[in-house]
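My questions all concern the structure below.
A, B and C label the chains in the order they appear, each numbered from 1.
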Amino acid sequence: MLIVSAVFLVAVPWLVPAVADRFWVNVMAEILIWSLLASSVNLLFGYVGLLSFGQALFFGFGMYGVAIGVEKLGLGFWPALGLGVAAPVAMAFVAGIFAVRLTWHYFAIITVVFSLIFYFLALTLKPLTGGDDGISFTLPPAFRFGGAEFGFASETFQYLFILATVALCLYAMRRLLASPLGKAFMAIRDNDVRASLIGLNVYWLRLAAFVMAGFLAGLSGALFAFFGRYASASYMFYHVSGEAVVWTIVGGAGTLLGPLVGTSLFILVREVVSTHWQHHALIVGAVAILIVIYAPRGMVGLWRDLLERWSGGEK
Amino acid sequence: MSYTLITLAINGLVWGLIIALIALGLSVIFGLLDIINLAHGDFFMIGTVVAWTVLTSTGSFWPAFALAPLVGFVLGAIIQRIVLQPIRNAAALSIVATFGLSMILQEVVRMTFGPTPRRILPPVPGTIDLFGIQYEIYRLFAACVSLAALAAFFLFLHRTKLGTWMRAVRHDRDTATAMGVPAQRVYMVTFGLGFALAALGGVVASPITTVDFRAGVDILPFCFMAVIIGGLGNLPGTAAAAVLLAFLEGIISSFASPTVARITSLVLMSVVLLLRPQGLFKGLTK
Amino acid sequence: MNEAAKPPILRIDGLTKHFGGLTAVDGVTLEFAPGRLHAVIGPNGAGKTTLFNLISGFLPSDEGRVFFAGQEITRLAPHKISRLGISRTLQVKSVFNQLSVADNLWITAQAKRGVWNPFRRTASYRESCEKVERVLEQLDLTALADRQAGTLSHGDIALLEIGMAIAAEPKLLLLDEPICGMSPAETARTVTKIRELAQTIDIVLIEHDMEVVFEIADDITVMAQGAILACGSPKEIAADERVREAYLGRPEDEDYVEEAVRA
């Protein structure tokens, strides 16, 4: 199953235009980018038990890191990407120091508050961030081989680069979850009291997870900036964070591929539906509610349950 | 610019009272049902839309004062029963459900009411001489109505059986149930009441704000600020915090942009969350 | 081997805890000698679990001090106390529900060694893995190793909890009502295990089941209303008038007390 989808994903830039408009290659690329944001929510919620409604903050830092890096600082592709990742990680560390001390209700709220503060800051600091209108920039190339340039200007390259990045991140997450650190995270998720009783330092572990999630969200934002050659404060609003949470939960929190599944579903629906009907947000809301009531473990969870039942599952 | 300062300060007070009403609804839902209601701003928005609809279809604004809370209450109770009750034990999922609800409400309004913002003219027109400036009479009226509604709410909480039940469940769910309080009904009423309060706030505010499907988005963070700074479960504290915050923002807006004012409140909220999560007004807890 | 000369594994000095107007633990002063199985008994609300909470750093004490193997641990954080060698189980059985039984044990074993590696597979940590195997065998849980902990029966979860407590390689094990809610068969099994463990680890046990207590404990401390009522060997406790009074109204306990006296 996994191999088939992997092959499919790699073949997209050539496969898709054969059956549909080239436009859909970009849609797939966008899905992959947003799935990273969902993965950041998933890491925190599905594996550590912290619900963050403010990942858009780090997305924004990544996005602006790249945009400001290229536009205002004249950085090349790789340095800008580096900035687009370093800035959100730093911010996640600083924000996390405070946020992670709180119990989960207040944690959720403060993640929103932090993201709002910076959203408003981004709006006010127009000269730097372009406010709501945002900054556009021209894209520097990523690689130079001899005389040839490879960069996001090429749709195919762009898609493959993003795919490679996302695949790398998912692989890293898989390693993480099989490692002591991953088990420690999950122990905290299941029972933070017990975790501290067995000698785990819950605070630092949560902070580490928060920083890692900040990395994922920031990377997502950085890729997004390169993808759209554009950055805008509106992407830092809590609505963006909220949607990422919905995608994660619908896809299946606590599973590796859940975020990707959820993101794909919603973005595909959005693209398909919005050509005929502009009120697809209704579907998003309705699906969110239905899943939460009837299939709280999300689609991947449902799939796993089905598999178990078919194989006469080991309970 | 003391002229602007006074206007903004009083505006702040007026808004504060209206927000107090809305935030109270949020606080009651948060305190009793353990739900972070991300759709609460949209409840307010529904109130404004009801006001506009009543006005345009009957030519009179006043029925909205009764209709909006009623609609809110019924909708709220139904939503609690159908959507929230099944997931009562998974608090994280409740947040997601309210987020979904928020999207649905906004989209439904966008579909029926349309995407363009409308304005309602104040039903009580004219200005009055106040502290040396000309101040809109309607705003003062709005403040009085809010105050009255707040008073009525607290009376309800402390003098009626239903109100007592609500307080009992908030204080100790299990004991209350053991003593025969119908918890399920209390939950429905609570959510309905929260919606109703927000909707009432919407009606009161509609002539001084725009009627727009996105109106709730701005209100939501402010309500949360009031709830957190006032103290979770501390209803008078929430009301007081709402008034204080709005007043503060009003004053700051007179010499800096409203965005800066908002940032200040948010920072204040963060500080409270981090240092004193039980809120600033602990002593006023009933 | 003069046992009386050995320093106590745990020494509590004037420990006090108030909850608002209620004094849950009142000036408790106690010593637990090493190499003996101690039981703390008392009617509900006597403050036994609160005492455990204070010792393990779960609750800060208002007054008093706690010494573990000679070292003061009064103000330390729970995870630090755990690292020093005190393990406890909780009254309400709670494990890591979504992790497998084996993982529950693994993370407990590894927690103190260091978990800060996001790259190595857990299976490559030989020491912890071996310990998990040993504990699984010790408690007859090997068959359940890959089951999700949350799906276990009540009795098995309690065993797992004990397993986790052992996996942490403690010097002192605090067991809070380990056989609460178990069937007679499970109880017998657990009691045997506890006896085995007591040979290598110092154990302090809170229990309500008098039969078990009088069967396995070397020393018994009786608490009532936050304070120590009596302290001594099972025979001494059984003969103590004050203890009988404290348990008045609990005929099934009285019977055991009677029997122990006659024994």
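Going forward, contacts are C-beta pairs under 8 Å (C-beta built on N, C-alpha and C of every residue); 3 or more make two chains touch, one makes a residue touch a chain.
Quantities reported herein were computed from a predicted structural model and do not represent experimental measurements.
Novice: Taking the mean of all protein CA atoms as the centre, name the chain whose own CA mean is closest to it.
Specialist: A
Novice: Which chain's C-alpha centroid is most distant from that of chain A?
Specialist: The chain farthest from chain A, judged by C-alpha centres, is C.
Novice: Distance-wise, how many Å sit between the C-alpha centres of chain A and chain B, to the nearest whole number?
Specialist: Their C-alpha centroids are separated by 32 Å.
Novice: Chain B to chain C: how many Å between their CA centres?
Specialist: Chain centres of chain B and chain C, defined by C-alpha means, are spaced 50 Å apart.
Novice: Any idea how many Å lie between the Cα centroids of chain A and chain C?
Specialist: The answer is 44 Å.
Novice: Enumerate the residues of chain C that touch no fewer than two other chains.
Specialist: none
Novice: Can you check the complex and tell me which residues of chain A touch chain B?
Specialist: So the residues of chain A touching chain B come out as 45, 51, 53, 98, 101-102, 104-106, 108-110, 112-114, 116-117, 120-121, 123-124, 238-239, 242, 245-246, 249, 279, 281-282, 284-289, 292-293, 296.
Novice: Quick check on the complex: what are the chain B residues that touch chain A?
Specialist: Within the complex, chain B contacts chain A at residues 34, 36, 38, 83, 86-87, 90-97, 99-104, 106-108, 110-111, 217, 221, 224, 228, 257, 259-260, 262-263, 266-267, 269-270, 273-274, 277.
Novice: Which of the residues in chain C end up touching chain A in this complex?
Specialist: Residue positions touching the partner: 56, 58, 77-79, 82-83, 87-88, 90, 94-99, 103, 106-108, 110-112, 114-122, 125, 151, 164, 168.
Novice: Chain C touches which residues of chain A in the complex?
Specialist: Residues of chain A touching chain C: 175-176, 178-184, 186-187, 189-191, 193-202, 205, 208, 254, 315.
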